[in-house]
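For clarity, chains are labelled A, B and C in written order, and residue numbers in each chain start from 1.
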Amino acid sequence: MSIEIEGVNKFFGDFAALTDINLTIPTGQLTALLGPSGGGKSTLLRVIAGLEEADTGRVTIEGNDATSLPVQKRNVGFVFQHYAAFKHLSVRRNIAFGLEIRKRPKAEVNAKVEELLELVHLTQWGDRKPAQLSGGQRQRMALARALAIEPSVLLLDEPFGALDAKVRKELRDWLRRLHDEVHVTTVFVTHDQEEALEVADQIVVINDGKIEQIGTPDDLYDRPASEFVLSFLGPVTRLGGDLIRPHDIEISRYEQASTAAGPITRWTRVGFEVRLEITPDDALHPEPVQVALTRTEARALDLNLGDRVWLRPAVGAQSVISG
Amino acid sequence: MSTLDTERPEPAPAQPPLRRRRPRRSTLTRASGVGLGLAVVWFSLLVLIPLAAVVIAAADGGWDTFVNTITDGDTAAAIRLTVAEAALVTIVNVVMGTVIAWVLVRDRFPGKRVLEVVIDLPFALPTIVAGLVLLSLYGPDSPVGVNVVNTRQGIFLALLFVTLPFVVRTVQPVLLELDAEVEEAAASLGASRATTFRRIILPALAPAIAAGASLAFARAISEFGSLVLIAGNQPRNTEVASLKILKYIEGDQQAAAASVAVLLLLVAVVVIVALDLISRRVAARG
Amino acid sequence: MADAIPTPLDAGPVQEAKRRVRSKRGPLAYTLRVVVIAYLFFLVVWPVSVVVQRAFAPVDGKPGGIGPLWERLTDPAAIYAFNLTLTVSFWAVVINTIFGVGISILLVRHRFPGRRVLSVLIDLPMSVSPVVVGLALVLTYSTSLGIFGDVLQATGLRIINSTPGLIMATAFVSLPLVIREVIPVLEEVGDDAETAAKSLGANGWQAFWRITLPTIKWAVVYGVVLSAARAIGEYGAVRIVSRGAEFNGETATLLIQNEYGAFNEAAAYAAAFVLVVLAVLALVVITVIRPQESHRS
């Protein structure tokens, strides 16, 4: 196992940033630390890197106790949200930095830098300064810089957080492909559940300094361990006392065995999706129920605003009974 | 290339906001045109014409007179002393100013805010008072038994006092803006703290240090008020250029005074350009 | 933002707010701290405190304290000197403020030929030695050897060796201070609000009074305080353009020099004490104003 974290606690003054974290991160996999801002996921990443010292607990990297090793000795690659580019150095020299520190022969450094430039598609930008690159290019440079030292683990702190939506999506796909090529144990922090679900092999959901759940994206989505995980991973609505995903609700125009019934009080179309609000007339549902279906389904049912409809959980839908 | 290169380049976050682009021609209205006219007339009467008068006075006697004046034994000695003292003071300021800025930004201890005020005090104090201040501790009735009056050490001390804030105040904001993540990135790549300072922090600070050093040097070679009571004005020993100018003015030798003034201005320009070149080189290495 | 599916708990890509305090401090950090404190103590703090001490010290066997200090400060020559300093500073600051605000707006909000040259020249006065400033004014306005000497002689207007010369010298050395504060603020706030005001029917003057001036208010105050401190303390330029004799063009700073030169150190220290207090006061005012300009970070 690549990274072992045992009993880690971390306080900032009175604020408990991490509480009793125990976690194993498997070798060669892409693990996402997912959670809301301020939940402690970045702190955990920094503890792994050695940028932050845990108050208690142990961190083992590749079988070596790294708890008291300074960041310089841990051989981790770290990528920051805001790139942390060395502004006065060219892209090439940025990437070469770690190797120069290690006093590798010049020829070896140059060969490695060229290889990495190619890997991150920056070959033609090698002599530019970071300021002349776009955000996405800068982040790829930062990634190449971190990979240059052949780290035992690659740590990324909200790596795409500062980029706009389109670039973010591209880089996300690219990171997945890169990881399939390089196979370095990778941990990345994100607050974007879509990013985590799409890219990660394993997701660790962290909230309030505690681990909520660990599992594969499917595990988490289909078998959430708590209301928090369910609601953090996607939209939820309340139907008959249960929390359920809006697209897991079956809707019918005709009276049938159902959990709730009421008129359609709101109709929003977002691209291929139609989102409805149904306001049941019973005491069980003080708030409207959200239902999501495709445009094709909505058309087939011939639904209109104000129509009375009957709702029930779809077959196989998972839900969490709220306490 | 892949779709990755379709991104628009964004401006670098650390760069100042782009100025709005406007047409080149004048945008003055009649009222603002009159205002500009008045402002330029006043600025010319107050600054431009008088400064031109100095240059004219220096050039009046021709090149030979100018050279004779500034190579005159006493004057040349005064200029040499001034430049040497200013250079020495600038070097001390580069080191101490950077260290002070570092402590103000990175260290935390009770009473740090008081230091902030102390740094600015030499700017706020009238120069004659600055001289008196130093005399009271390091003068004839010194409670610590040090007397620097009429010595080069006295000149050095006075210049150190009046130039204190320059490097500190130019380096401090840059240090404050310096991204902590950049240092962490260097550390994660294996750089020790000394290496990080030398290869990452220093290149980032170099332009600010050079700017502060230029200001300090320019101030030091032109300093007058704080030296009046301390320097003692012994020709070829403790007479600095600005006091030499005063002596020329009081002796009704305005042309000679102007010659020395123009030379000082030239020295300041040369040093400022040189420091700028050095800082560019430091900023580009790493 | 980029999240396709918004979730109620998602706070957006806000970086985790708490800034990490660098906890580890080696012996180097302590050494630097001690060096800095010692340097500032010996160079600034101790000498300044000795001046204050001397201002209250007994002189020639007579007791010290506030009474004698007050006596020295209410000496007619001292009153004349402080009066002159305040008059000169007042007019210099008024001129610099009007000129400074005007030229700042012209430089930032308008485009005209020569604008760049003007914006470079504006900073010139700060880099000229005060003695040279004095010399420059003498070479221009002295009735005997100035460029405008004949004109002034003919009109009977005296500048050098009289109050107008003092005001000009003081205005010269403190000229860029207001401008340096106002220009960055004007550049940063942009002209959107002014344009909006004009679109709502305000004329240029109204836009200035109601929109521009309130936004640059603190920058102007800041510049005025800096100018005032510089003006009150000016010595070199004033020394050249003024006779500097008792009751005849002797400003507070000249008084200090004259009294010290005449071995009347008590009077020199008393006047210096007042100027030290004014300087500290200016610094305190500046420190208080700073946070008001938080948008300039």
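Definition applied: a contact is a pair of C-beta atoms (placed from the backbone, for glycine too) under 8 Å apart; a residue touches a chain by one contact, two chains touch by 3 or more.
As the structure is a prediction and not an experimental result, all values here were calculated from the model.
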Distance-maximising chain from chain B - centres being C-alpha averages: A
What are the two chains with the top count of C-beta contact pairs? B-C
At what distance in angstrom does the C-alpha mean of chain C lie from that of chain B? 17
Take the average of all CA coordinates in chain A, do the same for chain B, and state the distance between these two points in whole angstrom. 51
Could you check chain A for residues that touch two or more other chains and list them? none
Which residues does chain C have that touch at least 2 chains other than itself? 20-21
For the complex, give me every residue of chain A touching chain B. 49-51, 70-78, 80, 82, 84-89, 93, 97-98, 101-102, 121, 130-137, 140, 142, 145-146, 148-149, 166-167, 170-171, 174
Using the touch definition from the top, list the residues of chain B that touch chain A in their complex. 1-5, 7-10, 12-15, 179, 181-182, 184-192, 195, 199-200, 203-204, 283-284, 286
Would you tell me which residues of chain B are touching chain C in their complex? 17, 19-20, 22-29, 31-32, 35-36, 39-40, 42-43, 46-51, 53-54, 56-57, 96, 99-100, 102-103, 106-109, 115-122, 124-129, 132-134, 136-138, 143, 157, 160-161, 164, 180, 218, 221-225, 228-229, 242, 245-246, 249, 254, 257-258, 261, 264-265, 268
What does chain C use to touch chain B in their complex? 20-22, 25, 29, 32-33, 35-37, 39-40, 43-48, 50-51, 54, 95, 99, 102-103, 105-106, 109-113, 118, 121-122, 124-125, 127-141, 145-147, 168, 171-172, 175, 187-188, 190, 204, 229, 232-236, 239-240, 252-253, 256-257, 260, 268-269, 272, 275-276, 279-280, 282-284, 286-287
